[in-house]
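Each structure below appears as structure tokens.
One chain, chain A, links the two complexes that follow: it is found with chain B in the first and with chain C in the second.
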Partner chain A sequence: MVNLTIDDKQVTVPKDATIFDAAKAAGIRIPILCHDKKLHPFGGCRMCLVEVEQMKGRQIPACTTPVTEGMIVRTTTDEIIKARKMVLELLLLKHPIDCPVCDAAGDCDLQNLTYEYKVNANRFQDEKFQHKIDYENPLIERDMNRCIHCGKCARICDEIVSFGAYTFMNRGIEAKIGTEFDGPLNCEFCGSCVSVCPVGALVSRPFKFKARWWSLNKVKSVCSYCGTGCQLTLGVKDNKVLTTIYDENQGFHNGQLCTRGRFGYQFVNSDKRLSTPLIRKNGTLQPASWDEALTLVSAKLVEAKNAGGKSVAGLVTPRLTNEELFLIKKLFKDGLGSDSIDHSAGYAHAALTAGAAESFGSAASPSVISDIQNADLLLVVKTDAYETHPVVGFEINLGVKRKEIDLRIISDKRGKLSKLPKAVTYVHKPGQEVALVNALAQVLLADNLQDSTATGVEGFEGLKQQLEAFAPEKIAAACGLDADTIKTLARDYAKAAKALIILPLGLGYPGHGKALAQALANLALLSGKVGKEGCGVLFLGEKNNSQGAADLGIYPTAGGADADAILAGCQSGSIKTLIVAGENPVVSYPDRKRVEAALDKVEFLVVQDLFLTETAAKAHVVLPACSFAEKSGTFTSVGRAVQQVNQAIKPVGEARSDFAILNGLLAGLTGNAPYADAAAVFAEIAATVPAYAGLTIAGLGDTGAILPVTVKPRFVAAETAAVTAESGKFALVTGSALYHCGTMSRFGEGPMHVCPEGYVELGRDDAQALNVKDGDTVAVKSASGELRLKAKVGTRMPQGVVFAPYHFDEASVNSIAVGAPVTWVSISK
Partner chain B sequence: MIMPLLQGLKITFLHMFKKPVTLQYPDERPNVVPNFRGLHGLKVSHERAKCVACYLCPTVCPAKCITVEAGEDANHDKFAARYEIDMLRCIFCGYCVEACPVDALKMTQEFELASYKREDFVFVKERLLEKK
Partner chain C sequence: MSNAPAEEIPTADIDLEAANHVIDKYLTLPGNLMPVLQGIQDEYGYVPKPTIDLVAERLNVYPSQIYGVLTFYAQFHLKPRGRFIIRVCVGTACHVQGAPRIVETFFDKLGIGHAETTPDLRFTFEKVACLGACGMAPLAMVNDSTYGSMTVQKVGDIIADYSQRPMKK
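Up next, the complex of A and B:
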């Protein structure tokens, strides 16, 4: 600790603090333009000048100067104010000062400081900048005339996003922030640069000119795309969500979002939203009143209940709030007497609900997000962890670059994470994850590297026996990695003091199920890396509330039918009534033909959704539901974080929240009074779900809470599924595209501008052999169907392996993939 | 007691021989002073409204009677796609004119604003544009 005096106030701060940090701790504000707490100090703008007595009153930047013992600092003397005014005058010299048409006005650091320091005339004169404005991309407008060269955009894109789209170019007065060859911006469009730009040089195009910053109502909420659970602030005006607002104090991620969170909010106010209930009459869906629709649904449910409940089933999206999930589970259990309810096609949650549940004793990750930066070694399964959970990816970037965490990736392709400094990617043959992880565990045992606690864990002997078949030498050839490489990886993992395993889950990853989760759990348990800081296994649930869906039992818990059996039941006629709440199985579940046939067959299909999805189009009754912006409740995200969602706008059209719909149906069926509000349901969750015990919705506040977990370790042999390569064919692996999450992002303009359609990604060699160029349309044919997809040629894919994202309806990849980790396809032009 | 009364009558009588202060409106028209704050006018320059839709006038307006919606034109510039003033709510304070950073707004000498229908009191952009 270091003691110093700032403006006559005594401050004690850690010795790595800067004068700026010390002043902040003492509640003294020093103006800044180029400093950001998330980034390395830069010292470019000189706005933060202060005087230090020991330096004979020389003016030094507060943001880059470390504190020293006994320092006496003055932050506002006449001299300093003069210097700051000069800084502003020089910045304004070539600046266009077009505040009336600049979207930053009102939230512009330059404007605010100019006002504060009363700079109303300029002693200097020069021409204004004449840079060409970049209007080329649909999301970020770059007006370098307004740029003040703070370098924040270039730094954040490099330090945190690790994309590196910008750099300073030219010298002196010609200097500007440039892109690759000074061309149009073509990047990940995460919008991080837009959020940190202190002026209006980088603005969000979807929000351009829509409203003034000060007229927006700012509502704190949680992103409703992936499981990372980023907190965000919605900018609302006239019952419309107009933008997401950057708040550097929100969440573990300091307000950073990915492209979906930042630019994908438009689905909320999309004009494709359903506005009234629809009922199928004479074969077509026709608008109806809520009364009519609900009476019909209730009647069918009562019928099903009286028939014993076996004939009714539900497929529920993990995008609903915890309270809604609780209600639907209760509706099935108490109202209908059915246990046939499931989510995410059954397999995308099995890693948690079956894998973690057996190996760790509860269906949750034993680790939390902060473990990422506290680890010494990260073992990431698939480079796709970046695509599925981009902001978790930022944490990995930061850990690797700032804390020199050793990053190891086992993956069937290379990806963005592979490019991080010193990252090692072990590219194995598709579908071999479980075998490879088993081999790692086998090496631990063979080398006697297991932790002393491991031998006492139940199932140890059995595991030892099972693993014998997985000696690296035995599986090396099938995995496509040599035995020594596998051994080195295992030893490095075992020897790291703190090592964390990261496993992304999702509908696009059928292989990331129970077996892989258990293989990884075995590895972590064997090396004693569970239940300690920076250790364990972090499961990345796909959707915003995937963890909540696991906690609240949105899967058969008493012998009911799972998603697969539900679809089979619809097909065979044993299930007569199907409630689909927010899921879109037609596009996202494997084997589209089978799903469509099942849904066409079922007697009565009710769909609650925001949009007339491919699934809703088949329904007998469609109920218009609400987005996350229209309701309050809680989501539980990766690392067991429960956070509050706050209603920002009134329901669009006649839409009703799933909460209201389910609450009404439940009360009707059970004869009990409906719940008063989300808080009442949350209270019941707290009373019945052990992990939530003691929590209240109000007590969660803005930061949320981390659910407790007790690990009851057990070794369970992880079964491998045979992958039989078909000669002359390509291995198709599916997954998520960076800009999308599930099928909802298709209704956001942002994601659709950047990634509007499905594609198939091939390696260069394969493309050359097939004579396919980037952008060509190719026919992809599997045993179950054929698709025409645009080819994307790059360096990521190893020879013989191709990748396709799953989110799209047209050319939906589930019409050729039937849920196996690898689908064998032939590709022709 | 009688004196103030006579004083008053004196003034009355004197006025009988002066020019009347009232006007025979509408046959006679008043002479409106230049800084009178009447109906708003949107100034035009280079064939288009000068207003750049900065939203300062709706922000400052104490009666909250101005509605602006910005649009983006073919050159990516900002313009007022919608500009409306609800004259039933306007209190003629002139703050909007004062706030305008580009001198796009003025208040004219137009004071005859009566109408038969409520809707007619909402002056849309076309009605506010300065007449040539």
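Up next, the complex of A and C:
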């Protein structure tokens, strides 16, 4: 620690602190323009000048100068104020000062400092910039005339996002922030640059001219897309969510968001939202009152209950709050007497509910998000972890670049993570993940690298035997990696003091199920890397509340039917009533034909959703539900973080929250009084779900809580499924596109502007052989169907392997993929 | 990684082989970006866009960063350059001796302006500051050859002369 004096205050700070940090710790504000706590110090703007007595009163930038023992600092002498005024005058010289039409007004550091330092006349004169404004992309407007050259956009895009869209170009007075070839911005559109720009040089186009900054009501919540659990602040006015607001103090991610979180909020106030309940009459869905709809649903449910409950089932999205999930589980168990309730087709969560549950003793990750940056080595399964959970991706970027974490990726394709410094990507043949991970475990045993704790774990002998078949030499050819490479990876993993495994889950990744989770668990347990900081396995649940759905038992626990069996039951007629809450099986579950046929057979299909989805269109009753912005409750994200969701707007139109719908139905069926509110349900969750014991909603505060987990390790042999290559065909692997998450993002303008339709991605060599160019439409044909998709040609895909994201309705990939990790397809123009 | 429309770049198909050779040569050298870009410019006469993408991919640097370097140093050219680079001095001495008229005549006869290249890639024209040979004002240069005491007549002669010369180096 170092002691120093700032404006006569004694401060003690760590020795790597800067004067700026020290002042902040002492509650003294030093104005900044180019500094950002998340970025490397830059020292470009000179706004933060202070005087240091030991340096004979010389003015130095506080944001870059490290503290030294006994330093005496003054932050606001007359000289300093003069200097800061001068900095502002020089900046205003070129700045257009078009505040009346600038969206940053009110939230602009330059405007605020100009006001604070009373710079109302300029001693200098110069011409203004004449840069062309970049209106080309739909999300970010770039007006370089307003730029003050703080470099924050370029730095954040490099340091955290690792996209590197911007650079300083030209020299001298011509210098400006530019993109490659000074062309229009064409990037990930995460909006990080917009969020840190201190002025209005980078603004969000969807928010442009929507509202003045100071007129917005700001409500803290949690992103409702992926499982990362990013906190966000919604900017609300007139019952509309108009924007997301950057708050560098929110969450583990310091306010960073991905494109979905930042620009995908428009689904909330989308004009495609359902405005009233719908009831099928004479074959078509017609508007109805809530009374009519609920009376009908209740009657059918009572019928189902009286019939013993076996004929009713539920498919529930893990996007609901914990409280809603609790209610629907209770509705099925206590209200209807049915255990047939599931989410995400069973594929997307089996890694947790079956894999982790058996291997670690509970359906949760033994690791948390902060383990990423605390690891020495990261073993990521599939580069797709960046696409499925982009802000987890930022954590990986930061860890690799700042802490030199050794990044190893086993993947069927290359990706953005592969480009990080020194990252090694082991590109294996599609569908060979389990075999490869088993081989890694086999090497640990063969080399005697297992931890001393491993031999005592149940199932050790059995595992040892099973793994004999997975010696690297035996599986190398099938995996497409040579045996020595596999051995090196295994040894490096074992030898790292702290190593974390990351596994993204989701409907697009049918191979990331129980077996893969168990193979990874075995590897971590064998090397003793569980239950320690920077170690373990981090399962990335696909949706915002995937972990909550696992915690609350939204999967068949007592012999009920899982999603697959539910669909079979619908088909065979044993399931007559189906409640679909927020799921869209038609587009997202494997084998679209089968799903549609099954749903068409159901006697009574109720769908609760925000939109008339492909699934809702088949319903007998459609109930308009609410988005996350219209409700309060909790989500549990990756790494077991429970966080509060706060209602920002009143329900849109006649919509009612799933909470209200389920609460009413439950009370009707059981005769019990409805729950008062989310807090009352949360109290019951805390009383019945051990991990939540002792928690209250109010007690979660802004930071949330990390649920405890106790690991009861067990070795379970991970079974491999045979992958039989079909000659002359391509291996199609499915997954998530960076801009989308599930099928909800299709109703967000942002994601749809950037990535409006499905595509098939192929490598350059394959494209050349097929004579296919980027943007051509190609026919992709599998045993179960044919699709026409736009071709995307790039460098990511190995020869013979193609990728398609799921999300989309038109050209939905599930009409050719039926749930196997690899689908063999032929491609033609 | 994005689907936003890429900027249309008017490039004839560029053969990347020479660029790949240059990259191979410096691949393991630390700080290899500058020599690679110089090497590519030597090969192609400018730095074509596809080679920037290639360098970005093979050296794992952002294309934007390469663009930043290319625009920072005056020595780099992003557009194809003519086989013959005509430079006319517009320094003070040359100016007084009538450089503006020489410049105008070149513009007229070549049909291009400052820092532009004829469509057939034969000529690039540039105005430059004092070339340090004020005694020969007004001064012009074509590649490495110097032409002193320029006149309007001589402009025609120079163009005629270089129009006959082979395009191959």
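Heads up, the rule we're going with is that the second predicted complex is superposed on the first by the 829 of 829 C-alpha atoms of A that agree within 3 Å, B and C clash if a C-alpha of one lies under 4 Å from a C-alpha of the other, contacts with A are read in each partner's own complex, and residues count from 1 in each chain.
Everything that follows uses one rule, which is that contacts are C-beta pairs under 8 Å (C-beta built on N, C-alpha and C of every residue); 3 or more make two chains touch, one makes a residue touch a chain.
Predicted model only: the values in this text are computed from it and were never measured.
Applying the stated contact rule after C-alpha superposition, one finds that A:169 touches chain C and leaves chain B untouched. Judged by the touch definition given at the top, the superposed model places A:212 against chain B, while chain C stays out of reach.
After overlaying the two complexes on the shared chain, residue contacts for A:398 are found with neither chain B nor chain C.
Contact with chain C, but none with chain B, is seen for A:187 once the two complexes are overlaid on the shared chain.
In the superposition on chain A, contact of A:99 is made with chain B only, not with chain C.
When chain A is checked against chain B and against chain C, the one touching more of its residues turns out to be C. Touch criterion met: A:135 reaches chain B, while chain C stays clear of it. Judged by the touch definition given at the top, the superposed model places A:755 against chain C, while chain B stays out of reach.
Per the touch definition, chain A reaches chain B in the complex via residues 99-101, 105, 133, 135, 141, 208-212, 214-215. Considering their complex, residues 1-7, 9, 49, 52, 57, 60-68, 71-72, 78 of chain C touch chain A.
Those residues of chain B that touch chain A in the complex are listed here as 52-56, 59, 70-72, 76-78, 101-102.
Contact residues of chain A toward chain C in the complex are 136-137, 158, 163-171, 178-189, 416, 419, 738, 754-756, 759, 792, 795.
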